[in-house]
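Naming follows writing order (A, B, C and D), and every chain is counted from residue 1.
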Amino acid sequence: MLLEVKNLRTEFKLKRGTVTAVDDISFTIDKGEILAIVGESGSGKSVTSLSIMGLLQKPGRVAGGEINFKSQDLNKMSQKELQKIRGNQISMIFQEPMTSLNPVWRIKDQIMENIMTHMNISKKDALARTVEMLDTVGIPSPAERANDYPHQMSGGMRQRVMTAMALSCDPELLIADEPTTALDVTIQAQILELLYRMREKFNMAVLLITHDLGVVSEAADRVIVMYCGKIVEEADVKSLFAQPLHPYTVGLLKSIPQIDDESDERLYMIKGMVPNPLNMPSGCSFSDRCDSCMDRCTKEVPKLQEINGHKVRCFLYEAKEGELNVK
Amino acid sequence: MPKDISTSSDKNSIQAAEYVEKPESQLKEMWATLRQNKAAVVGLFIIGMLTLIAVTVWVSELIGVQILPYDPNYSDMSKSFIWPNAEHWFGTDQLGRDMFSRILDGTKISLFVGVAAVAISLSIGVLLGSIAGYRGGRTDAFIMRVMDVMLAIPSILLAIAFMAALGKGLDKAVIAIGLVSIPEYARIVRGSILSVKENDYVQAAKVIGNGDSRIIFKHILPNIISLIVVRATLGVSSAVLDTAALGFLGLGVQPPFAEWGDMLGRARGFIFTAPYTLIFPGIAITITVLAFNLFGDGLRDALDPKSRIK
Amino acid sequence: MRKMKRIVALVLAVALVGISLTGCGSKTSSDAAPKANDTLIYAQGAEPRGLDPALVDDGESAKVMINIYEGLLKYAKDSTKVEPSLAKSWDVSPDGLTYTFHLQEGVKFHDGTDFDAEAVKFNIDRQIPPQVTEDMAYGSFVYGSVKSVEVVDKATVKINLTAPSTPFLNNLAMVMSAPMVSPKALKENNNNVNQAPVGTGPYKFVKWAKDENIVLVANDEYWGTKALTKNVIFKFIKDNSARVVALNNGEADMIDGIDATVVKQITDAGNKIFQAPGMNINYMAYNTSRAPFNDAKLRAAISKSINVPEMVESLYQGYSEPATSILPTFMEGYDKSISQIAYDSEASAKAIKEAGLTSVKIMTYTNPRPYNSATGQALAEAIQGYLSKVGVTATIDSYDWTTYKEKLKAGDYDICFYGWIGDNGDPDNFMYLLAHEDPTMNVALYKNEAFNKLIAKGIETPAGADRSAIYTELEKIAAADAAWLPISHAETLCAYRPNIKDFYFHMTGVTPFAGVSKQ
Amino acid sequence: MLRYIIKRILMLIPVLIGVSIIVFLIMRVFSPDPAPIVLGQHATQASVDAWRQANGLNDPIYLQYFNFITGAITGDLGTSYYTKAPVLKEIFSRFPATIELALLAILLASVFGILIGVISAVKKNSIFDNAGMFLALIGVSMPIFWLGILLIIFFSGTLHWLPSSGRIDPLLQPASVTGFYLIDSLISGDMYAFRDAFEHLILPASALAMYSMAIIARMTRSSMLETLQQDYIRTARAKGISEGRVIGKHALRNGLIPIVTVIGLQLGSLLGGAVLTETVFSWPGIGAYTVACILKSDFPVVQGVVLLIATVFVLVNLMVDVIYAFLDPRIKYSKKEV
């Protein structure tokens, strides 16, 4: 087990109240595994990743739980200790390649900074490694492009650069926060392909954060679906796509357009909107949007239960030990 | 910086575009945001007090009622340099005049010059900026070159030269200070107009066949008015400072008008023997300028779409 | 990036050095710098205009020039009587038209050239027609009566006048125009030694850092008693208070132009005060050419309403002395018996009421002047206060000095303010103002034939008791007629550090340093 | 880039012509007659007329302007009416003092302004932020000459820590090489002189710096607040570099771009502020001198000074644009943008 997140709770203290962005979530990632966290914006998936990295900015803070990376609780580490891990053993790729690179630094300087922060090597070697990494992520004539500034590159190129930077210190865990969202479809595929390749090559684990189930189906080994700060479903990719349990997951899957779907039916839409975090519905937070909402759903909060390795948080599946109870 | 201005005015103009029929709602919204800004409210309160003092003093002077403890210009040589006491709260100056009365009286001058100078630079600046921005081409180039030339001379030096040439006087100080800050307004207005000009509603107005001046005054200016209001508020504070500087150099308003800068200039020779003659006018200037700065900053924040979201 | 780092490092380094320097040096800054005992530092309020005696007219220049140059004659240490200087002795022809000067021999200019009769002729010729230029401010005043200069021999020079003029000898002791400049230097510097003065005096010019200081060094070849202190530095500190601070902090040894309000501060710091009488007059003038002040009685009534001593005391804080006469008290012709109209507010109010006078138009200037440090504006406002007590409303129009002079020509005022700086220490130099034709000189527009005749007589009368009596008489006429209200004689208040010996400030506004030493 | 610079320098010419026309009009057409001041208390109408004639003041105004311009082109700005010294000499003997003062002031203003701004932004809404911004607010609201006098009263008059006027103790005056006493004293190796010159600089430079520091601090704060929100800051943090490096190397480096513009503008306004500061501190620079010359109607000097200041102002703006391009690789000046 590489990373174990246990009962993580992250809060944002605002003037008008406290928002619990991540509410008691737990999951693990093994070496070499790709775990995807899926959810709409505001579901807490990005906050989860930032919590792991220790990059939450005020007014956000981790309010409870453990984040054990190789059996060490990152949450208890000082910023200094965290800095040694960040960019080194755990690194991250962000959603916005256009803005996530420092516009006034050359590409090579940005990557070299990462390398030289964590590796005790000479500038020359760091440069060589930078060029090598750029080559690895598929940037043509990397030695020359290393001298470019970000604005001289396209979005896809920049995301490759981000990837090169993230991988430059051979991380054991890569957190990719919506790495493809801002890119057009062909580039998306290239980047995912790249991630996949890198995972193979370096045997690193990837925490893939996305709202795009299409991306998940292509890349991930295991999937966590989040809604309003809670995990509502967790399963391996195959079983999730084959048999989604939570009404939310079902809704998400239904709302993906299928190329082979020839019916004239309108595309499904989950009704309503994500609730205001300061004004959550009582009971199950999905209750107000759920097609199968029951009385109980608005009164009690369902627990996450595991059924044959498939976890779900819904009263539709009343737990009986080890048995899948589909109504 | 320039980037900043253009983005904020872009957003501003987009918003303004929705309200083209009733631009005052923009001001209303500004006011609502402003009220939540404590500093701005304090600034506005001080400005209100100062205005009250100035108007009261001015009106009482007009109707011949003495409302100040002493006639601010009445000199009594037997009472020269009295330290602050119960009778003369701020002491007396060299000519035996009551400093407290003079400071209050000076409010009138500073506010008047500040506001009047801004009125001059504002009206001329807006006019020139509008013409330049709207007409473009050679007119624009010519006007903006002239503005560049004026900007290339430090404004205080220019104002000093104006005053030296025109001679002392309230009206002349207003003109000198007003003239030197025209370029600022012209530039802002021109920049905003350039960004507003291509908007659909302006184009539409053109298509309908509205005249140029009508388009400028009816369609363009109302939409950049909030920007101008902010600039003008901050402009008053710098005009008050400039007035004081001219007065300090002995080039301000014609005595015996009590003018804070002039009082400071005179006090300079007595900084060790009568430091109070130096302290109080300085504080008066600082408070006045501070008030307009607080208020202006508040206005700007209120205008800034980013802070409005909060 | 590395460049950035270096810049930041440099900035920080500079800031740190600065902070540490001030940090460790702050308390002791005044005594940390090496102070030389062979250097006198004199702080004055403005920079000299230049150092060519023919081309300047200001007192600040005079203070420096007196140490570099000498004229044929000089003033006595404590009066404006003339004494020999470069001229050992002189004879005046009985008709008063020819002056023969016998020169000191063996005197050399600082550039090594000889001072002789030729040099005298060169210096005077340069300032009389046809050579004189319009910007020689004092040429026509000092040498206006000179017809020609003849070199008799190397050590004798003869000056012919167009008309007898007793003040001429006084003129030759002036620091303006009269000092002898090296002809060689004048030739080399295009007839303008403002920046490169060469004289015969006890000090030589070294350098001039504009708006900062002028440095002089003792002239080892000096023909007379050599200077006691090797270097003299004139520092320019415009602000009065700052000058005081400089003295008390030891940045200057001597300062001038202070007022009485700071005297205590200066003496508390252990420094000393020197008070020099001033050769000037600060006055208020009535427009005698038109109603209402063509009436001498009404003029007197107004003068009565003003408490001159009180006003002078608070306006000038002891920097000026209330004037009881037009002439400064040390001048020939001054007599204790002269007095002006005394303050009597009640009598004044009564007389004014009878005359029906309710308002007057005052015109004044906004700048400080050497004889009126408080500005004409403050003076006018003070008078306005007194007038309001006797029921007269005064309106004040004030202008900057040059505009003011223009406005004076138009003559549209009832009362105006003016002043005069004595040039040569001769009483005629003051009294002739009331006889002058030019309206910017005679601002009271006073016309009195008897007075004018007496003035003409005074010029021709040789110095002595008879001549003094003439000026006393003139004073009395002026006081009785009340065309002017003499207000004050500005004094020069100087201060110096206790280790300075024998410092003095001459009433003509100069500071000879040859005899001053520092312990 | 070079082309751009040359083009901008050529654009100086119309600006200078415009400046000279404005100054010429103000001075020669509207200002009081210099003759009475030049000629002193014995001036008569005749001597005034003769002097005006000799100095070309009775010529038609366009002819006066033509003479001035032809002189200026050949590097002859005439001689001061008052001191009869060449204008260029008068100006350049005072110019280094002003530049030295302005440079130190802008250095102080930038260092402390950026420091305060960065701290305020990083510790937003903390006591540091509030204190810093209050100081900045006072800084932009206080008349500079008043601050100067207060500094003199406190540090010179009361504590006797620092000198109140002048540039240096005349006994320590270094041989003039550059005209900058800090540099000249270092060249001559005289540390006493260096310290003395520095002590003389502190008060006037602080007074002069206050306003600009306040402006820079405010600008830095808002610029940094914006920069710290940027995605690339998060990226930098994710790299595991220290927070100090994140702020100093990543945030500040980007935040500096608008700040440089402000600093450039402030350098221009410092030249104006120098007028008042120099007056208060008897600083032997060009600012106080110019005011004195304006009041004396010394036309040739005023014309010369204003031309010089305008040139400096335009060049500073150009310099800012060049630095801007250096700081922000996204900006490339092409001919089009001129």
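The rule we apply is simple: contacts are C-beta pairs under 8 Å (C-beta built on N, C-alpha and C of every residue); 3 or more make two chains touch, one makes a residue touch a chain.
Keep in mind the model is a prediction, meaning the values are calculated, not measured.
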Once subunit D is disregarded, what remains connected by touching is A | B, C
Suppose every chain is reduced to the average of its Cα atoms; which one is closest to the average of all protein Cα atoms? D
Count the C-beta contact pairs for B-D and for C-D, then tell me which is higher. C-D
Chain centre separation in whole Å, for subunit B relative to subunit A (CA means): 54
Whole-Å distance, subunit B centre to subunit D centre, using C-alpha means? 24
Once you find the CA centre of subunit C and the CA centre of subunit D, what distance in Å lies between them? 36
Separation of the C-alpha centres, subunit A versus subunit C, in whole Å, is 88
Subunit B touches at least 2 other chains through residues 164, 268, 271-272
Residues of subunit D that touch at least two other chains are 32, 152, 157, 253, 279, 295, 297
Subunit C touches at least 2 other chains through residues 1, 239, 241, 400, 403
One finds touching chains in the pairs A-D, B-C, B-D, C-D
Partner subunit B, residues of subunit C touching it in the complex: 239-241, 244, 259, 261-262, 265, 307, 310-311, 313-315, 366-367, 373-374, 377-378, 381-382, 384-386, 388, 396, 398-400, 403
Can you tell me which positions in subunit D touch subunit C when the two form their complex? 32-34, 36-45, 47, 50-51, 54, 82-85, 90, 93-94, 97, 107-108, 110-111, 152, 156-157, 160-173, 176, 192, 195-196, 198-199, 202, 249, 253, 279-282, 284-285, 288-289, 295, 297
In the complex, subunit D residues that touch subunit B: 14-15, 18-19, 22-23, 26-27, 29-32, 137-138, 140-146, 149-150, 152-153, 157, 219, 258, 261-262, 268-269, 271-273, 275-276, 279, 287, 290-291, 294-295, 297, 302, 306, 309-310, 313-314
The residues of subunit D that touch subunit A in their complex are 230-232, 234-243, 250, 253-254, 257, 327-330
Okay, in this complex, where on subunit C does subunit D touch? 1, 4, 11-12, 14-15, 18, 21-22, 25-27, 29-30, 32-36, 39, 41, 49-50, 52, 55, 57-58, 133-135, 137-138, 140-141, 192, 194-195, 209-213, 215, 233, 235-239, 241-243, 245-246, 248-249, 251, 400-403, 405-406, 420-421, 423, 438, 440
